[in-house]
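Order of writing sets the chain letters: A, B and C. Residues in each chain are counted from 1.
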Amino acid sequence: MQTEKSPSRRGGAVNLILLIFALVALWQVLYWVAGESGLASPLNTIRYTAALVRRDDFAAHLYDTLSAFGIALAISVVMGLLVGFWLGFDRLSGDVFEPMFLSLYAIPKLTLYPILLLAFGLGLPAKVAFGVLHGVIPVILFTFGAVRNTRPILIKTGRVMKLSKSQMVRWILFPAAIPEIFTGLRVGFSLTLIGTLLAEMFASQRGLGYLLMTAIGLHNLQQVTAVTLLIVVFAAAVSSALLWLDRRLHFTGR
Amino acid sequence: MTRLRLYRFAVIAGAIALLEILCLARVIDPITMQAPHLVLRDFLRLLASGRMNAAIVKTMANTVLAFGLAAAAGLLLAVLLQRRRALRMTLDPLFATYYAVPVFAFYPFFIVVFGLGDLPQILIAFMLGVVAVIVNTLNGLDRVPAVLLKTARVLRLGPVETALRVTLPAAAPHIVGGLKLAVAYAFIGIIGSEFILSRGGIGYEINFAYNNFDNAVMYPLILLILLASVAFNSLLSRWERTLHARRGR
Amino acid sequence: MSAGAPASAQPPASAQPPASAEPSASAEPPVTAQASLRNVGKTFAASRERSALHALGPIDLDLKQGEFFAVVGPSGCGKSTLLEIIAGLTAATEGSVEFEGKPVRSDVPEGVGVVFQEDASFPWLTVEDNVAFGLRRTALSGGERERRVRDALGIVGLSDFAGSYPAQLSGGMRQRVCIARTLVTQPRLILLDEPFGALDQQTRLLMGDEVLRLWRETSATVFLITHALDEAAMLADRIGVMSARPGRLKDVVQTGWPRDRDSRVVERPEFGAITARLWHQLREESLKTLGRVDAAPSERSAAAVHVS
């Protein structure tokens, strides 16, 4: 079979490399235009980052962020799944609450943070609460959707096979819902991270978000660029991996 | 009012009532939050006094500006990308993971590079909104039924006429969906940036009030933001739904 | 009104005059071809999905002015591609196409109307505006435009629904909107690509009568693609039978029906003979197609998703 390599044929990996290369090239060009005081060059940033991660205090900041994020994620997932299932199965509740949760996406939730601070005080609990506020919503909505969108034909099949309620859930409903639930978890992961970082940027004495803010005060271009790079790369890498998994789950046609 | 709306209204009213009771009973102490009726009173007072007018104008102006830029750039880029498959394929991973990356993480970077002013905020808001417009517009353009484009050729319409009279209306529901998201993101971007670090605007005022333990100003402002964002979002959602419904496909 | 002559095998591009010739306004002799195809073929170039595909041809065909010509064939034989080549929506890779003496390439010539299988009504316009859309490009006065729109709506029986939106109508009604939109431009050649494919059988039969009525009233030449043999046999003056891919005209069958006909021709004895003959030819080709695993370049393509 004769095929010419049209652009659409390029593998996903090649695309990605091309994109990264293009972005770094753009960065480099901007650096040449802006000069030393305007921008940190890619190379310098890499060097600085390497030095940064070896600093003692960096490990502490990183731990702070990751622990807040981890706890928030766990709570988001558990709460999200529970509420999502409840809304999915209970017709009335689901219909009533779903649009309300949807509209939460449009609200600048950062402005709600002071309320959390007042309620929980400065520190970890407020950060976690804020992360949960961001991350729980997509988990709820996608889980809800997964339950509601179960194809009726699958349920009919289960009834024909005379499955009990718990068997239905375990063998049919849950596996059928997994792809969409996973998408919710993936989005929840990213949003929880965003929430945690935002909380740190606003009011915190520790964490990566805090490092970003102090770098402003010190006008430390290197540090700002380095930490931003770390966060962006981490978020992009993990979410890409999750996205890949997500696609595979959907294509196996569960 | 439909039954569902009635229930929602009841839920919200019930939650406010619960808050009211908890505040009055001092379960929630006044330092954390005042009773809802007091918040409402302060809200009306604040608006009437006009103290916040400058901040409101600043925030709104920046939001509109950021939205306008995101919408214009987003639409143009979407149209461009629809024709350049290679470029679109290359950018695809970027679009897919875009909203997983904390765009706000760039805010300190922009401040250090451009100085503390309106530009970093508008950049953040723009960055948040533009990809939503691009992705949704592309989706809408992809979904224009081939038969409608063929019909345009049978009717011998020129390329511009086809774009304006067939492609655009056909893709309208999705385009409006993208614009709706852009409005929300622009608002979030501006307010959030003002909140983190800024010299003015509503976000800044909330921050200021918080740091000065001024609940009488802070809560009303938060309420204002909530009402504004929900209102705009509802209006645009309704428009989007109408467009989809009329297409009925 | 001549009696229906028994169907007999005709070589393609037959010069036999139609059963009853309508004198046309341009006073051309009735044997003039309105559209003619010479050696037309279509080969799709190789892509990442498949190697080069010889979809169609070579085909020689003359469409006589004012006749009703139907094409039947197995799926994937290139019927829709043939229609699109005649319309100027696709360019033939081999051979030449002429409409009213002028070559047709990749532009739709003036005077040609097309009705597709998929619903092509614009959902954001009312029925009235949809039909009026067909007149966008014409330099007609507002009054004349309105008149034509009203007439077209009347012909297809949608006058009561002028202010409705397509989403509120049934599939058959939406198809009638598309037909009205085509009629309003007063085309001299009307191409119909399985226009009733998405409709149920009863509606199809009724629509068949409608099309015949339109054909008579407008004196246009009609070119219809259908997979329903009875529909072709009932409606057409001549029926082209296409072979399996690459599609060629295996046979052209004359029905010899009078111009003034409707669906009751099915009661005539010749109807059975015609249908039988069509199936005899077609069955062979369909069997060939059935055995094929590879899909033809989709004649319905992405638009298939949007069939109502």
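Please note the rule applied: contacts are C-beta pairs under 8 Å (C-beta built on N, C-alpha and C of every residue); 3 or more make two chains touch, one makes a residue touch a chain.
Remember, predicted model here, so these are calculated numbers, not experimental data.
Chain-level centrality, scored on Cα centres against the all-protein Cα centre, points to B. Comparing the CA-atom centres of all chains against that of chain B, the greatest distance is found for C. More C-beta pairs touch across the A-B interface than across any other pair of chains.
Taking the mean of the C-alpha atoms as each chain's centre, chain A and chain B sit 19 Å apart.
Chain A and chain C have CA centres that are 54 Å apart.
Rounded to whole angstrom units, the spacing between the C-alpha centres of chain B and chain C is 49. Residue positions 8 of chain A each touch two or more of the other chains. Residues 87, 89, 107-108, 110, 112-114, 116, 118-120, 122-124, 133-134, 136-137, 165-168, 178, 185, 301-303, 305-306, 308 of chain C touch chain B in their complex. Against chain A, in their complex, chain B makes its touches with residues 4, 7-8, 11, 31-33, 85-86, 89-94, 96-97, 99-102, 104-109, 111-113, 184, 187-188, 191-192, 195-197, 203, 206-207, 210, 218, 221-222, 225-226, 229-230, 232-234.
Across the complex, chain A meets chain B through its residues 7-8, 10, 12, 15-16, 18-19, 22, 34, 38-39, 92, 95-97, 99-100, 103, 105-115, 117-119, 187, 189-190, 193-194, 197-198, 201-202, 209, 212-213, 215-216, 219-221, 224-225, 227-228, 231-232, 235-236, 238-240, 243.
Against chain C, the residues of chain B that register as touching in their complex are 145-148, 150-151, 153-157, 161, 165-166, 169-170, 172, 243, 245-249.
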